[in-house]
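In the two assemblies presented below, chain A is common to both, partnered first by chain B and then by chain C.
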Partner chain A sequence: MSTAVEKTFAAPPEVARLQRPALIVGAVFLLLLVAGIFLPHGTGQNQVPGITQFFRSYLLGFVFWTGVSVGCLGLLMLQHNIRGAWGMVIRRVLEAGTRTLPLMLVLFLPLAIFGLPHIYEWVNPQGFHATERSIEIINSKRGYLNVPFFLIRSFIYFALWIGLMYVLNLWSREQDRTSEHGLIKKMQRVSGPGLGIFILSVTFASIDWVMSLEPEWFSTIFGLLFVAGWNLSAFSFVIVVMFWLSERRPMNEVLLPRHFHDLGKLLLAFVMLWAYFAFSQYLIIWAGNLPEEIKWYLYRTRGGWGWVGILLPILHFAIPFLMLLSRDLKRNASKLAAVALAILVMRFIDLVWIIVPEFHKGAFAMSWMDVVSPVAIGGLWLAYFAWQLQQRPLVPTGDSRLAEAMEEHGGH
Partner chain B sequence: MSEVKDLKPREDRLVKPPLYGLMASFDNPTDVVAAAREAYDAGYRKINGYSPYPIEELSEAIGFHRTRLPIIVLIGGIVGGLSGYLMQYWVAAVNYPINVGGKPLHSWPAFMPITFEMTVLFAAFAAVFGMLALNGLPMPYHPVFNAPSFDLASRDHFFLVIEAKDPKFDYEETLRFMNTLNANEVVDVEV
Partner chain C sequence: MEHPHQEERVHATEPVVEPGYTFSSVTDKISSIVLRRRTPLWWFAGFAVAFVLAQVLLLSITYLVFTGIGIFGTNVPVGWAMPIINFVWWIGIGHAGTLISAILLLLRQEWRTSINRFAEAMTLFAVACAGIYPVFHLGRPWLAYWLFPYPNTMNIWPQFRSPLMWDVFAVSTYGTVSALFWFIGLIPDFATLRDRARSRPFQWIYGMLAMGWRGSARHWARYEMAYLLLAGLATPLVLSVHTIVSFDFAIGIIPGWHATIFPPYFVAGAIYAGFAMVLLLTIPLRKLYGLEGFITDRHIDNMAKVMLATGLIVLYGYMMEAFFGYYSANQYESYMIHNRQFGPYWYYYWALIFCNGFTPQLLWFKFFRKNTVILWFIAVVVSIGMWLERFVIVITSLHRDFLPSSWGMYQPTIWDWSMFLGTLGLFFSLLFLFIRFLPMISIFEMRTILPQAEIEEEAA
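Presenting the complex of A and B:
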């Protein structure tokens, strides 16, 4: 494709202007987070050293934003398989989202090098005052839950994600240059098995990073809950970005109500998928009522966390579900983006509800650092994302299906 | 010889057959969508478009999406969900209470799968039968097929019909209006 076309679809200057404030917010909040290491946290028996609280909060922010990056990768491969018109218009945003994965790998290092003994009971059972019975169970899982294997696995996930990200971005770039038709097939051929790799790697990553916080507990649907959740996070984020772009040149001339209609329908599907997995897990564990399983929900359905547990099905499922039923809302970019933004916030609250009660043995407590951490990592993430988004035209200009996707009477 | 008489131009007939509406034909989708928008903006509501393939903008232009079907489906879903839940409540907590695993008789999580399925089932039924009720299918006879070139609607032509029962319909005025729509031709459609 000629450079003239590339210029026509270049990212608006506002994307570049977003970079610096995002970076500053990220850096300032990161400093706050580091300052928190030198302060005491909690009161009385629940008092913990600053470094412990730092890594608890850091894990929260890290898992949330990794979810957006990895979710973008899953959605990118999904659209290469489905080849819908909606995928054509969001592809460059998804690709920029996946290219943040190296940043998340760098942000994983502090956790990998210093953090593990502070947050994972199985790394340091004595430090967590584990009971004899717990130590026995942890020892029986040593073959899987040991630090070297944990680190090897984590780096394998990143290697797989970054590998898929790399080839898909490389070919997409090549397609811009050469408009070669064969690249469409090539990307599709990688994306099919890629989705399988994605689901398996996200499953294991969620087991390692989140489920192993409670080493005695297990749930077989836990991985799928994260597959759906991370896709939902990424998709909500992408819809917000698409709305923001649709207000500015050049995308205001590309995006039509029917594009947002399609995005809204898929958002509804992801909301339902998340609710389906989340409720399935609850129903099975509630019905079984076994001591080693039910403990996880007892922490989360009583007291203060119980209220969060009631809010989740309402604000994370019922209200977005009912709103997204409306055709008019889905075709209205600003309203759809508002719903997507609310879902993104609820994604974070869901993650808080999954992770934080574990640290407080079910007591309703949160640290200010739990809120600072996602903003710190999010600021860095957004700055990196904005930088990446400017690197390429906002639509895949070399893809032969683009014209159809942009046509007024085009397909879906 | 009465058949021969019938072949004379319509204007000379003593008794005009009742009119279903006026039909304009177009050879491209852009014109028919533009025409439909103009007709809707001019205040016509009993309008319909015909094309060889679905054109979303055409449905949009004639206000087709403003049907009552979504509300029928919603009501179907709510009725299904409620009846599914209440049926289980009545069976498990009222009519035949059995203690299962020490759980309360009214255990809502256990009722959810069937409630969900009943919601889907009733919403689907409401969608199918509501659709049939609203569009009047199956329909063995439709007046538009009386128009001479209407068979092109399944090939490469696009048609717009303004029905005579539209309150704003006035033969002379509507004919004049439709002749301004960039159509190939405008013909009468008999009932």
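Presenting the complex of A and C:
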């Protein structure tokens, strides 16, 4: 039975056709990025060597796409816990998303081996012309912020993510083959504690990779901001993919307006969650106005960055929020996908706003490489994702709950 | 029309209603507690104890108003103490009621039906207890209306930049919406009681409360719409009230208060404490009134799971506070966490970690979620833990701040404790009255989740 079903739900040929252009775009942009190493960047005082700019931009692209991969893992475990019909129909896309994690691990290596002294002040205080006070602070954090421990931690995050990804994908594959009911329980049992591991590992990854760019600054909600943000990135991406698949066989026979309705509601919830965390952090730091905290926001509201800062609550929250309130929009796959795509773009702009001002301390400056890098990594990521998506049927055919999830008038 | 029962078919665990009930037997069973059955002896005993404690509250308040807030142990450097601890504790407990009644309704979680009425009542009583503290801590509670912005000749205007001011609006809105939601939910049941009551005064009282409900199709259509709108209105309140309570602390710059994690961590803590209280009350009540058919093991299991999830978020909050205390490299921040863990109040901190961090981990195991006796004790431990959490946050942050010369210790007085015991008395007095005179489970909503109700729907 299973081979026939697998054939029926095989990925459409367009997925395979996506692979090559994505790979080419990724490779070309990667070459551009490498070429950028040999060019000077910035002007006057802000002039930096090409290699420094390379790693600054590389970090941006790396964190963004790792967010999509890891966000897929979080959502996968969330849907195993919640068990809704919406989770059943997007599960294979989420699983393919998580299987890109080995690629992200490989892409982490250049950063780990060569990049750290170029972007982290705490690795190389002299190179950053750190003030005496900064050096004092960095020295008092040496126990946590040192290169070996940083690398060990980063590899632990990847080990945890890839470990969870591996077992969940393995059992899901096995479920296709055997339709064994016990596997549902097994995946659930891992996903409960798995979500705890996910939240903690994303928290510390965000502290290490992003927060430590400014070694003096700290904010206790920062980890949750990334947990919500990465889930939101992944979810927006998945909605776009689901729309694209819903236009083609075989998923056009599976996906119903009610599935998109549920996805839209969850997207709204993630948008609100992100806004809630982001606003809480801003309000508390703004009201406290302490010198060591407020400077993080000063770098991000001065010299043109303030305009980006204003865009975020409007385009990342208010407009998608208002649009997603509409029931008609949520049931309309193409409109929902348009909103999701816009949110995905805003996710990137949010990350730019968090990372890039750190390198320019109050001046508005962006390099062309900041745009090239996410496209380069994104191209490779998409090609890898498309390749992975073809490996399995687009729905978990061995799951006993699938039939119900595909019913015209199913539950939730 | 989407059928909420579909979930059952696939994940058939325990049913939300024990099989075998009919429309009339549901009505009989719930309404007889109010109208027919003899009031059990334990009710009188329990009410008597609670009522005596409520008198302790009145006594304390009277003495407080005549003497002034100097009767409390609140003093420099600990300028906020038991009153705010108890305020936050009570207001947090209320959150489970709103979550169950509003959010779970919007999420179409039908298991909420047999516990929502009860949990909402608990919310109202908890908010009532909470409200007492800020008002009487004012020192001159007869001037409490100054908190509201109104045109006056004294040129007094509230400071809108203060989260304490936002609290006034958040809590009063919350109280109002919760009361409305609860009352509207009760109207069809009031009508049932009116029709079934045998004595004239009860027919008359329930008749008044039913506001002329006749159960016509138009009544129901309006009713459903109003109920849904109120649910939508109440949903953001679950988040906003405790978020603003957390701002009361986080907007200040005291180490241990000024933490960006506070809003989600407080909201999760509130839901955590609230579900602990719901479990603490429902486990004995369903046994005493034989309501296991309505509040099944599935409800208990689900509530325990919510408690586990929110408990983990709270634990995450503790971890972040401790990590950033040391990571910050800020001497005040790191001293704050060191002082909490190893300072003079260390036993409060570690008791808190035991109650809120360690205990809920038992809920990972089905054995503990199934065993109601152990679960009841876990709920008690969590309730104590949530009180300790507020104690640790408020007291240890204040008693040693930036200037060592002004450090001090906090010593609650007998009046601090009598106020707290008194509000417990008030809470339980109201609760005893509620279970005696009102249907503690929504009769008409229970009828709609019976399997019979679904068959008719499909035939139609």
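One rule holds in what follows: the second predicted complex is superposed on the first by the 411 of 412 C-alpha atoms of A that agree within 3 Å, B and C clash if a C-alpha of one lies under 4 Å from a C-alpha of the other, contacts with A are read in each partner's own complex, and residues count from 1 in each chain.
Definition applied: a contact is a pair of C-beta atoms (placed from the backbone, for glycine too) under 8 Å apart; a residue touches a chain by one contact, two chains touch by 3 or more.
Bear in mind the structure is a predicted one, so any value in this text is a computation, not a measurement.
K.L.:
With the two complexes overlaid on their shared chain, look at chain A and say whether chain B and chain C clash or fit.
P.N.:
Aligned on chain A, chain B and chain C clash with each other.
K.L.:
Classify the contacts of A:G196 with the two partner chains as first (chain B alone), second (chain C alone), both, or neither.
P.N.:
The second partner, chain C, only.
K.L.:
Report for A:L325: first if it touches chain B alone, second if chain C alone, otherwise both or neither.
P.N.:
The first partner, chain B, only.
K.L.:
Using the touch definition from the top, say if A:L283 reaches chain B (first), chain C (second), both or neither.
P.N.:
both
K.L.:
Touching A:E292, do we find chain B (first), chain C (second), both, or neither?
P.N.:
In the superposition, A:E292 contacts chain C only.
K.L.:
Once the shared chain is lined up, is A:R401 touching chain B (first), chain C (second), both, or neither of them?
P.N.:
Touch status of A:R401: second partner only.
K.L.:
Check whether A:F235 is in contact with chain B, with chain C, with both or with neither, and answer first, second, both or neither.
P.N.:
neither
K.L.:
When you line up both complexes on chain A, which piece of chain B, out of 3-11, 75-83 or 147-155, runs into chain C?
P.N.:
It is 147-155; the other listed stretches have no clashes.
K.L.:
Do chain B and chain C touch any of the same residues on chain A, and if so, which?
P.N.:
Touching chain B and chain C on chain A: residues 258, 283, 287, 409.
K.L.:
In their shared complex, at which residues does chain A touch chain B?
P.N.:
258, 279, 282-283, 286-287, 289, 325, 327, 408-409
K.L.:
Write out the stretch or stretches of chain B touching chain A in their complex.
P.N.:
29, 55-57, 65, 70, 74, 101, 103, 109-110, 112-113
K.L.:
Would you pull the chain A residues touching chain C in the complex into a rising list?
P.N.:
83, 137, 140-141, 144, 192-193, 196, 199-200, 203, 207, 216, 218-224, 258, 276-277, 280-281, 283-285, 287-288, 290, 292, 400-401, 404, 409-412
K.L.:
Using the touch definition up top, name the residues of chain C that touch chain A in the complex.
P.N.:
1-7, 9-11, 108, 161, 239, 243, 247, 250-253, 258-264, 312, 316-317, 319-321, 324, 327-330, 364
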